[in-house]
Structure formats: structure tokens, C-alpha cells
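In the two complexes that follow, chain A is the common piece, with chain B as its partner first and chain C second.
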Partner chain A sequence: MVRPNFPVRLGAAEEALINQLKFAGADQAAERITVAGLPTRRVESYHYTDLKTLLRAVPPMAQPANQVDVPALDLPGSYNLTIVNGVASQQGTAPAGVTVGTVRGGVLTTRDDTLIHINNGLVREAMSLDIAPGVDQIIQIARRIEGVAAHVADALKIFVADGATATIVETFTGSDAAHVGNHATYLALGKDAVVTHVTVDLSGRDTSHFATNEYHLADGAKLRTLIIHAGSDLARTHLYPRMAGQGAHADVTGLNLVSEGQHADITMETNHAVPNTSSQPLFKSITRGRSKAVVQGKLVVARDAQKTDAKFMHQGLMLSDDAEILSKPELEIYADDVVCGHGSTCGKLDEDSLFYLLSRGIPKAEAETMLVRGFIAELVDPIENEALAEALNGIIDTWLLAGK
Partner chain B sequence: MTTPVLEIRNLHARIEDREILKGVNLIIPPGEVHAIMGRNGSGKSTLSYVLAGKEDYEITEGEVLLNGKNIFEMGADERAAAGLFLAFQYPIEIPGVATMTFLKAALNAQRKARGEDELKTPEFMRLVKEAGAQLNVDSDMLRRPLNVGFSGGEKKRAEIMQMALLKPSLAVLDETDSGLDIDALQVVSKGVNSLRDGQRSMLVITHYQRLLNHIVPDVVHVFSDGRIVESGDKSLALKLEAEGYANYGGEAA
Partner chain C sequence: MTDYGIPTLKEEIDRETVEQVLALDVDKYKYGFESDIESDVAPVGLTEDTVRMISAKKDEPQWMLDWRLEAFRRWQTMEEPNWAKVHYPKIDFQAISYYSAPKSFKGPKSLDEVDPELLATYAKLGIPLKEQAILAGVEGAAESVGTPFGANVAVDAVFDSVSVVTTFREELAKQGIIFCSISEAVREHPELVQQYLGTVVPVTDNYYATLNSAVFTDGSFVYIPKGVRCPMELSTYFRINEKKTGQFERTLIIADDDSYVSYLEGCTAPMRDEHQLHAAVVELVALDNAEIKYSTVQNWYPGDKNGKGGIYNFVTKRGDCRGVNSHISWTQVETGSAITWKYPSCILRGDGSRGEFYSIAISNGYQQVDSGTKMIHLGKNTSSRIISKGIAAGFSDNTYRGQVSAHAKAKNARNFTQCDSLLIGDKCGAHTVPYIESRNGTAVFEHEATTSKISDDQMFYCQARGLSEEEAVALIVNGFVRDVLQHLPMEFMVETQKLISISLEGSVG
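Coming up: the complex of A and B.
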């Protein structure tokens, strides 16, 4: 097809996306891709993750698939929900204090980001969860893409009431096909709510996994997130925590685990909108083979947001010489009385530590595993639910063993 | 003749292009405690690392037998399982690795390598408590990550506690006395002495004679510029303390 008026040459992935968006009635989103194409390295926030190069094909929109009811993680007593090929379903009755429903349309705040436009453009109905005080079961949402290669855009909107406590786990799995998953989660924390939100990408390697998590924290709310990329060859998760109420605090954490041929990207933009809030973004990347791990972290502090305390950190551990670990910290600070910073480190397993363990009789492979686990401990140890922490350690061990 | 626990023959080792060990000869029979004294920089820690299997060194000549077996054919972990233990001059801090997890992994790895069954948790806990009590290593220290935030003295006590748990046939103690106050020195020495059983051998490396009042050696060796230059009984340590290392060449210590 000749498009003399457009400077951007569109590939098969873009043509497919444009058709899907038009079919869904999302003409604006379709138009944006028609004009600009998928973001390339020339778009600043995609500099290290050139989608136009990395995403060569987008399969047809998913058809409803047979439900597979087994949750991805074995968490005793968890309340399990599934979203399979975009279709939400509930298993059993919800525990007291949890209300499951649906809301129309997408859940994400509009931003200048192609993946967000696509998600908002394609999602017609989102699953909603309302969590009142007094719920102590883990809520596990298994988001799956089953069957032949499919494109899925789904969304989840969660409200955790004032004073409520919740542990929410999302897993991304499915058949091993060239799926494209574009997932959205909007999570609002009421006043003094305390929430742990864990997401784990365990998709097959051929899947391209995209997720956007938006968080809204009211006064005194405490959030801990842990984003783990341990599946797809191409994974990118956006995190947008917004400290909207005084005293809010977020521990925003994430882990890229990449092996030969994989590319994982966590891109965060934290917004401190009011005075006296804090955030501690801590990310780690472990690479082996020829692979790439990216963490971008931007701290935005509004003019009024005095006494903001925020530090972004990314630590990389290279288990091979051929991998790339990339960090991009950014500070955008409009208030003057704040403590904000960023840092990044990158290295190999410490030889002296390894020798110390060997000298006590621990064989090399086991010693290396202990050190890698030690490197990650800072992310997993703060997860208070023991079964969940153990399940996450299990995922990490599986990844480590797969490389041996 | 019984097989020595340790036999070092004409050992030469270098790091990068620098020769550090220049022909070490040493035989330690079962049950004996030998001390090595020498000024800083003479190569004592290098000897301990070469014995334990640190990879930074190139062995250019000589051989080392542990209970009759050539250790240069074994990795560091295999040497440990074969009965070698090094108490580090500077124990390594390892954040994220819980001390208990580490102790259990070490003990069970050695047992496994020797064809013994792994220890069940209650049995393991009992052994750790026992060794811990002896060396004033309390449960608070055991709950922390390995050596992290330990004071100098706590690190040394933790090393000897590991030794008490792992029960090696040859313990190499590298300046275990440095950084210890007199109380800690007594605790550590008591721990070491309680492991002397007529079979287990020790190589005690120290800069000062003080330690040897507490851990009384059978033989004292003077180490200078990468080799043993004199050997004698424990009175040699007193002589060194009085006269310094000046008689052994190089600058004064």
C-alpha cells in the first residue's frame, strides 16, 4: 500500500494494531499509530526498548478460550480470580469484604504512551475489585492467554478502602505461542490502606508481555509492589505510583530476570503530588547469556510537595559477559525542600564471597545460587506472607536452575 | 610412620608476576599445633589462601598433601569436605545470606561429600546452639545475614564457631587474635583448645606471641619473605617477642 502523505513506514505489527483499534472504535488511537508508528529508540521513553524493531507481529484479537482454573501460584487459602483471553471470571464466592464486578472502558489515565493508548482503546470492560477492611486472604488474579497466538488487552480496577489491608498477586501465564498481552491495573489505596501488590510474568518465551500499573495513594497509604519479569522474551512493565495524600509511602520494587535472547524493561514514573510523602523505588536485574535488562525511573515532585523523600535505585548482577544492563534515572523536582536521589550499580558475583562459601565446603553451583538469592533477598524478604515469599523464591530458583 | 595431616613440600606460588611463596616446607603430624609467626607482608595469608584453594594464585612448584592426598587436584569445596578449615583473617560479609542457612548448607554439603546423611533440622539446631554457646555467639547474631554488621571480635568468634561445627582435621587460623580484646581472646582460645583432641591438627598464624600463651603450640615456625626460616619449640615465640623479626632480614616489623 502506498501512503504518500505519511512519513512513517508501517510494518505488519502496526497495520494489525491499526485495524484492531479501528474495529474497536478507537479511531484516535488508530490514528496515532498511523501517523507515528510504534515507538522507536528516537522516542525518549523507548530509547532502550525500540518497539518497532522488537515487536514484529501482532496476532489477531483473542477468542474466548476454555477456562483453565488452576492458579499459577500455590498460595494456601488464596481467593482466586482469572482473566483468560480477556474474559474475567470468579471462582467460588468472594470472601466477605471483597466485591467483584465490572466497569466499562479502560482504566488507565491517558498519557503520551502508545501501549497505554492501545490498552485503553481496546478494553471495553474491566474487572473491578473492591476490598473492605478485614480481608486477610491473598487475592490472586491469574491473567492468561490460551490457545493459538492472540492479542489480548485486559484491565483491572482495584479499590482498597480506607484502613483496609490487602495482598494482591497477579500472574501472567498461558500457552507458549506468539501472544501479545497488553495488561492494565489501576489500584487505588484509600486513607491508611496497606497494600502489597505482586505481579509476575511467567508467560511463554514467545509471548510479548506489556503491563501498566497505576497506583493512587491517599493520605497515609502504604504500598509495596514487586514486579517480576521471569517469562517472556520481550517484557515491559510501566509503573505509575502517585502519592496523592500526605504521609503516603510506596516501596516500588521490581526484578528483571533475563536469559539468552530476552529483553525486559521496567519503566517507572513516581509522582509526589503533595507534601510529606516518600517512596523507595528499588529494582534489580539479573542477566545471563546475550540479554538486556532495562530500568528507567523518574521521580516527579510537584511544587507543593515539600519534604518529599524519594530515592531510586537499580542494581544489576551480570552472570555473563554478553548481557546489557541499562539504567536511566530522571529527577523532575519543582519543590525546594526535598531529599531525592538516584543510584545504580552493576557487577558480577563477588569472587571473595564465592570463595568464602566454597571454603566451607559448599559446591560452586550451590554457592552461586546462595549469592544470587542473597542479592534478591532485599526484594523478597519484606513480603510478609510467608507462603507468597516462598512461592516467589521458588520462581527465582526455577529461573536459576533453568540456566544451569 | 603415620601420615601427616599436612605436608607442604617446596611450595612456590605467585600472584600476577610476583612470587610470594618461595619454597615453603612444613609437616604437621596428627594432633599437633604449629604456629607460624612472621612480619606483615611476609606471605602468611597467602599461604593460608593457597592451602584453602583461592584461585588468584599460580602454583609454580611444589606440592601439598592433606592426609596424604594432593590438594591441588581438589577444588576449595572439596578440600573443606576433606577436612581443611580456614579461619579467615578478614571474614567476608555476605548480605542477604542468612547465617543459619549458610551453616546448614555448609554442614550438609560436607556431610554429603563424605557420603553421610544430611542432618535433620532439630539435630542441626542442637549442634549450632552447642557451638554457639561455647563461643558466645548468640541467637541474635545467628539471625543476621552472614557476618553483616558483626564487630571484628564477633566475626572472629563466628569463624571459630564454624570450625567447632564443621570439625575439620586441619584448622588454619589466620591472625584469629587480631582485633580481639583479652576477654574475646580467652573465649576464642578456649573454643580452639576444646577442639584439640590428639588427632585434629592446627596451623595457627599470628603476628604476636600473645595468642600462643592461650593456644600453646607444639612447634613454632618463623616465616620470612615467603618461606620458613627457623623452627623451634614454644620458647622461639618468646624470643621473637623480645627481639622482633629484625634478625630475619628485611626491614623491622
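Coming up: the complex of A and C.
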């Protein structure tokens, strides 16, 4: 943690957070913010998302909401759970092999990260899910912030048993108010487990959405994630995949969709801790109007994690001249027998492809949409569940059409 | 020792053993000798008086002193940066002497007046300072041909804190080229210095640049007039000799409209147990259609195999492509220094300007390298290219850190970056930290980085043809860095290939 030599001037947001943390008995987290304040661009992982500037106010902690209708993706046969204003509830009986429960306290591993400290400090009870082999329903967790502007910290801990297969979808929505959501997901994959984890931020524009996802992969586990930012004006998802067992593989993917005035950030730090693991992070950003998309991706390969195969890629597409795409791919490698790489590109739609379509009589708007869909296809296509892929394409289309 | 000052038998044996061991090390770092030259060294410590003393020694005008003092005051309010991936004990800036000059040095003079001991030092380093002899074609005078500083190179030789000699000045002056030490430039061309000094690297740019602004002692000054293509390579050779000193040099190169210059820089230091600080600032200004090619072979003492001693190389190098279609190209071969903290950058201000960065950074032993570049696209149709090859061996850490940014007005900015790392051995680390910031829809950026090790197949292929393991590694590494080598001036290429094999010696196994 960066400790400045001079006292940090605390803003209203920081004062509010300190009080809320103290009230929750999280003195250490409160102390941390008192000393360092919210992270600024001087903190490497917040280099392009300076919370001290971006987060000016933090509303009071959320009160439990009355029964509300929580929107979720239309996925036939999915088993749906909700967390509204931090309160978890279960609808109907869980399918065989799924155990829903609670665990005390926060779920995230303590790290040098302010949002994690806040989440761990404020969460009293987290929802837990245990998934055994043989579950073929999609499990959907819809988190929502209801009512007047509120600060919510909630958490979810998921264990997918050895050899089990699971598709887990999380959505984030809320009423139209200046909420601050600080969401945590801890997902552990047992040996040879195969998991698809999709999260979609569809919160109202005034909401500031923060999510931290931690993944722990045992031997032979396979993970695919897709993080979509398509809602809040300020969205940040921080991913920590840990390849803890030999033969583990992760396809960590994400998509920033930002329009005029929005700021979305996907930051990833993958840790290859043991030999023979692989990961293929792939992120895309599409910007419209004056907006900002951030992707940071760090691959850390430990000293004895020989034979690691990791390729990070970020592609940015600018649909306007005045957007910003900021990218920081990092490699931190201590093992010598590895193949690691990263790539980052950004530019606008390929003029030649556009010309090709136009010359075949396709109207410009439609041609552009086709090309953008093609650009995104790489992320949605690998998702095997058709209904889920269709629902995600629907969200992307809605975003695309909103710009027309 | 006996009472009569005669060494005892035991001491004699110890000394021999020590010398033998030392000789082994010297083999690897062949520039590690120390010249026995009486020096005029300022007392250690840094106060305003030190700054005044340096300025007085240099016989500087008041404006220069004021500039230094302002920098010093700002420096006192600044904090040492700690974001780089390098670790070292805190530097005590009060334990260093900020000025050291050979006693024989009485200001710039002609070659015949230079202390023969100094000339011998440079001869030993392979730096040709005998311009008359070379010009006259005397046999043996160009003994250094084949070293980086071949015969047809004008040299500014900087020894500790002062520039001892600058060769070929008259030759160059005929074309209107100014090539002299910066101290002379301050006195003789104040208008140029005042116009450009600190305009590329502002006084308060960063901690080390500000320190340098306050205490810089010498360095080179180059001015290429309009339309002139500099007929020979210009170069500076930096040598640190005195102990407990820091070297703070400042180089300023101005290429006026339609001119061209190729500039080389080399450096070495004796082997010592203590760390020595070298904090330089280099500023390049390229005006309309001008081209500057700046090549460095950095070979400061890297410390011994246990990580003891070596130079801390904290350098700020920046080029400003101020004019339209100007072009600045940095080529660097980094093999020395215990710690390297260096980011030669280009500010692409002029429309259509171009910036290039070619780098080979090799680290072995306990060296730490954190190097890279910045390409700041401000003008329209600007382009930049970055090729960086990092090679880590032994216990070293080698980081590429680079920034490419296109501002909102930099229409059609274009960048291509490729950084590759090669790991030799399993105790070293290779890291890549690029910042890619596009603030403009018409900008096109591509960045690619890979890390790998020398494949067994490649090694087998070479060894099956009779190469030893070390030779095979050197050959493969030379192939790995070829893209960069191609951009070095001819004389440097040969030397660099040799350096690469020296740096990697003992890294196999």
C-alpha cells in the first residue's frame, strides 16, 4: 500500500465510507481509507480509474427492500436466486445437486485493494452455493439495488465440486438512482470441474458498479468467463483468476460497451502458480461518443510454474473520434520455460470491410452493425448454451441500436 | 605488515590470491580498471553551496546559476520515485561528491595539452582522441578501428565531471556545426542554450532530472545548422573514474531545419564495491524535416557476480520532434549498470513526425533493468515504432515499461510495438508493462509482446554442428536481437555482438 508522507485530504465519499466501515466494526478498513484515501492514478491497478476523482459521493447503506420483481435474463429452466439490497433469497426449491446456504463475513482473499477491503469490511453474511456433479440447469443470480440511492456491499461464494459442470450467470440491475454497488464473487472449481461464469452489468446509468471476482482452479479445471459492462456510467470489474492446479485452463473474457459519458474498466490479474497451466484472456472494448474504456491485464507466472502457456489479448474498437481506450497489458514472469504473450490493438472499423458491404448495397448503419457483431462474436460464440448466447446477443444488440 | 612496511609472507599470498580472483572478474568486465589520475574532488554532500561551487567552477553566467538554484530548491521538495520494478537501498545523496575533475584540467584546450595519462586511459578504452594522427593517416593511430569509436568519429570525452577534450571541432566548425562541451556552450552560445535547455525535459520533470538540472557538470552540446548533413558521427564517451562521486551529465542536441546528425554514446566505469550514481539528462530537438539518430551502448560496471557494486543508472532521455516531418530514432544496447532506469522518449509534436525506439537490454548476475520508451503523439499523421528485446539471465530482473499515447488532436497517429523477452535460466524474471492510451478514434495502435526461452531444438541444432553451449546461446541471442542490431551504426554492431557474448558468459547451466 502506498503511504503518502503527508495527510491525505479526505472527500465526502471517503468520509462516508469511513463512517460506514466504523459502524460495521471494520476498523482496519476504515483506518486504511483514513490514511490513504480512495485509490488515485498513482495506485497502479487504478491507474486509469481514479476513484478519488470518479467517486464523489457514497450514499447511505441500503435498507432491506420490500418484495420486488427482480429482472433476470430469460433463460428457460434456469434456477434463479436474488440478492436485493444485499439480502439473499431463494425462489422455489433448489435443483438436485445445488445447495444454497450462507457463510459468515466476506468472501474475498485480503489483498492490497481498497474495494476488497470495503467489501470484506461491510459484508456480514454471504450467500453460498455448492454445486455437485450432474446439475444441467443454468444457475442465475440476480443482484439488484432497489429504492433511493444506496450503498450495497454483497458477496457470493460458489464451490463447484470435482468433476462437476456448471453455468452460472450473474446480472446486476437497480432502480434509477445514484447507487454504489460493491459486489464480490468467489468461485472455486474442483478437480476437472468445467464452469462458465457470465456477469452482466445492466444497472442504471447513475449507479457506480464495482465487482471483484476471484477464481480458484484446481487440477484440470476449465473456466470460461464473460464479463459485460453495459449499464452504469462507472463500472469496474476486477478479476483474480488463480491457476492453482496442474492442467487448469481459463478463458477469461470480457466486453466493455461504453457510450457518451461512460467509463468502464476491466482489470485482471491472473496468477499461474503451478506448472502446466494455461490461460487465454480476451477482452474487447467498444466506445461511442466521449467515453472511456479501460482494460488492464496482468499475467503473473510464478518461479516454478514451468510450461505455462498464456496469451492475453485486448482489442479496442472506436466508433467515435473523441473516445478513449486505455490499455495496460502486463507480464510478470519468473519461470523460464514458458510461452507467454500479450497483444493490444485499437482502431476504428476497417474501412475496406465497410466499403465491401456498402458496395453490395447494404446501408451504412446496417453494415456497421454487422461488422461490430462480427467483432464481438468471438466472445459470445464459445458459450455453448444457446439460450444464454441468444440473451447476451440481445443485450449487445440493444446497446448497438441505442446508438443509432 | 611488518614494522618496516615489508609485507609478510602470508600477506603476500593473500594478495596474490585476491589478485587472481580479481583478474577473473576483470576478464568479464574489461573496462574495470582505474586510472591513477590526481583529481580535484569536491567535498561530499549537497547544499546550495555545492550548486554555487559547481557553477563557479564552470565560470557560468548568472542566469545559469539561477536556473540551477531554482532546480535545487524544487528538488528538495520532491520525493524519490518508487514505481519502477527495481529494488535498492535508499541512496544517501549527501554521501556523494558532486564534482570531480582531473587536477591537470584547466579548461578546454587542444589535444597536445591534454594530460598524457588521460589520453592513455582513453586509448585503453579504445577511444581515438588523436585526430591529427588519424587525419594524417599515420599507421597505428587508428588502432581503435573496430571498436565502437572508429576513426571517422568526432568524440567529446567526459571524464568524471568534466569534458576533457572534443575532437574534430575545427573540421565541423567549417560547416557551421557546433560540437563542444555543454559548459563551453553555456559561455559561448548562451542564446542557443537559453532557448532550448530544459524545453524538452522540464526542470521539474522527475526527481533525477531535477537533481541533474541543479548539479549537472558537463556533457555535450551539438547544433547542426539548417540544411547541413553532419559529415561524421558525433559521439560522447563517459568515464567515471573517481570514487564516491556521482556523474551528472547533460546533453543537448539541436538539429535545425533539414539537417541530419547521428550521435553515439558510450560509457564505462571502474569496478568498485560501492554503488555509484549516474543521473543524466539528454535533450534532443528536431526542427522541420530534421533527423536525429541517437545510439547508446551502455556498459557501466554492472557489479560483481554477487551483486556487489555497480552503477545506478537513472537517466532521462527525451527527444522532441518539434518540426513537421522531423524524425528521431533511439537505439540502445543496455548491458551494464547494476540498476538501469531509463526511458528514451519521443514527443511527436510536429505533423508527420516519426519516432523510433530500438532496444536490446541484457541483464545478468543481479542486475535490474527497468527500461523502455514513451511515444507521445501530439501532431497529425505521426507514427512511431518500438522494437524492444529483453534478455534476462542469472538472477536478474528485466522489465520493459513503455507508454504510447495519442492525444485527441493526433489524427491518424500510428504505432507499432513489439517487445520480446528471452529468459535464460530459471532464477531470472522478465516483465512487460506497456501503457497504451488512445484518445482518438483515428489512431491505430498495435502492441505485441512475447516471452519465451531458447528452445531445445535450436540449441540441439547448433550443438550438433559443433558449437559449445555458450557459443550456441550467443548465436541464438544474436539472431533474437537482429532487428535492433540492424539499426546500429556499423562500428557499434561489431562491438555489440561482442558485448552480448560477454554479458551472457556464465549464464548457461
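Basically, the second predicted complex is superposed on the first by the 394 of 404 C-alpha atoms of A that agree within 3 Å, B and C clash if a C-alpha of one lies under 4 Å from a C-alpha of the other, contacts with A are read in each partner's own complex, and residues count from 1 in each chain.
Keep this in mind: a residue touches a chain if its C-beta (ideal position, glycine included) is under 8 Å from a C-beta of that chain, and two chains touch if they have at least 3 such contacts.
It should be emphasised that the depicted structure is a prediction, and the values quoted were computed from it without experimental measurement.
K.L.:
Clash or fit: what happens to chain B and chain C when chain A is overlaid?
P.N.:
fit
K.L.:
Which partner does A:K364 contact after superposing on A: first (chain B), second (chain C), both, neither?
P.N.:
A:K364: touches chain B, not chain C.
K.L.:
In the overlay, answer first, second, both or neither for which of chain B and chain C A:R303 touches.
P.N.:
The answer is second: A:R303 touches chain C but not chain B.
K.L.:
Touch test for A:G134: chain B only (first), chain C only (second), both, or neither?
P.N.:
A:G134: touches no partner chain.
K.L.:
Just chain B (first), just chain C (second), both, or neither: which does A:P64 touch?
P.N.:
neither
K.L.:
Does chain B (first) or chain C (second) touch A:I333, or do both, or does neither?
P.N.:
Once the two structures are laid over each other on A, A:I333 reaches chain C alone.
K.L.:
Does chain A have more residues touched by chain B or by chain C?
P.N.:
The partner that reaches more residues of chain A in the superposed model: C.
K.L.:
Which partner does A:G394 reach: the first (chain B), the second (chain C), both, or neither?
P.N.:
It touches nothing on chain B or chain C.
K.L.:
May I ask you to decide whether A:G343 touches chain B, chain C, both, or neither, giving the answer as first, second, both or neither?
P.N.:
In the superposed model, A:G343 contacts chain C only, not chain B.
K.L.:
Taking CA centres, what is the chain B/chain A/chain C angle in steps of 10 degrees?
P.N.:
80
K.L.:
Once the shared chain is lined up, is A:E324 touching chain B (first), chain C (second), both, or neither of them?
P.N.:
In the superposed model, A:E324 contacts chain C only, not chain B.
K.L.:
When the two complexes are placed on top of each other via chain A, what is the minimal CA separation of chain B and chain C in Å?
P.N.:
In the combined three-chain model, chain B comes within 16 Å of chain C at the C-alpha level.
K.L.:
Chain A residues touched by both chain B and chain C?
P.N.:
none
K.L.:
Hey, which residues of chain A end up touching chain B in the complex?
P.N.:
Answer in residue numbers: 351-353, 355-364, 366-367, 370-371, 373-378.
K.L.:
Could you pull out which chain A residues touch chain C in their complex?
P.N.:
The touching residues are 5, 44, 47-48, 303, 306, 316, 318-348.
K.L.:
Can you list the chain B residues touching chain A in their complex?
P.N.:
Going by the criterion above, the answer is residues 52-55, 75-77, 79-81, 85-86, 88, 91-92, 94-97, 101-102, 105-106, 109-110, 113, 145, 162, 166.
K.L.:
For the complex, which residues does chain C have touching chain A?
P.N.:
79, 83, 408, 421, 423-453
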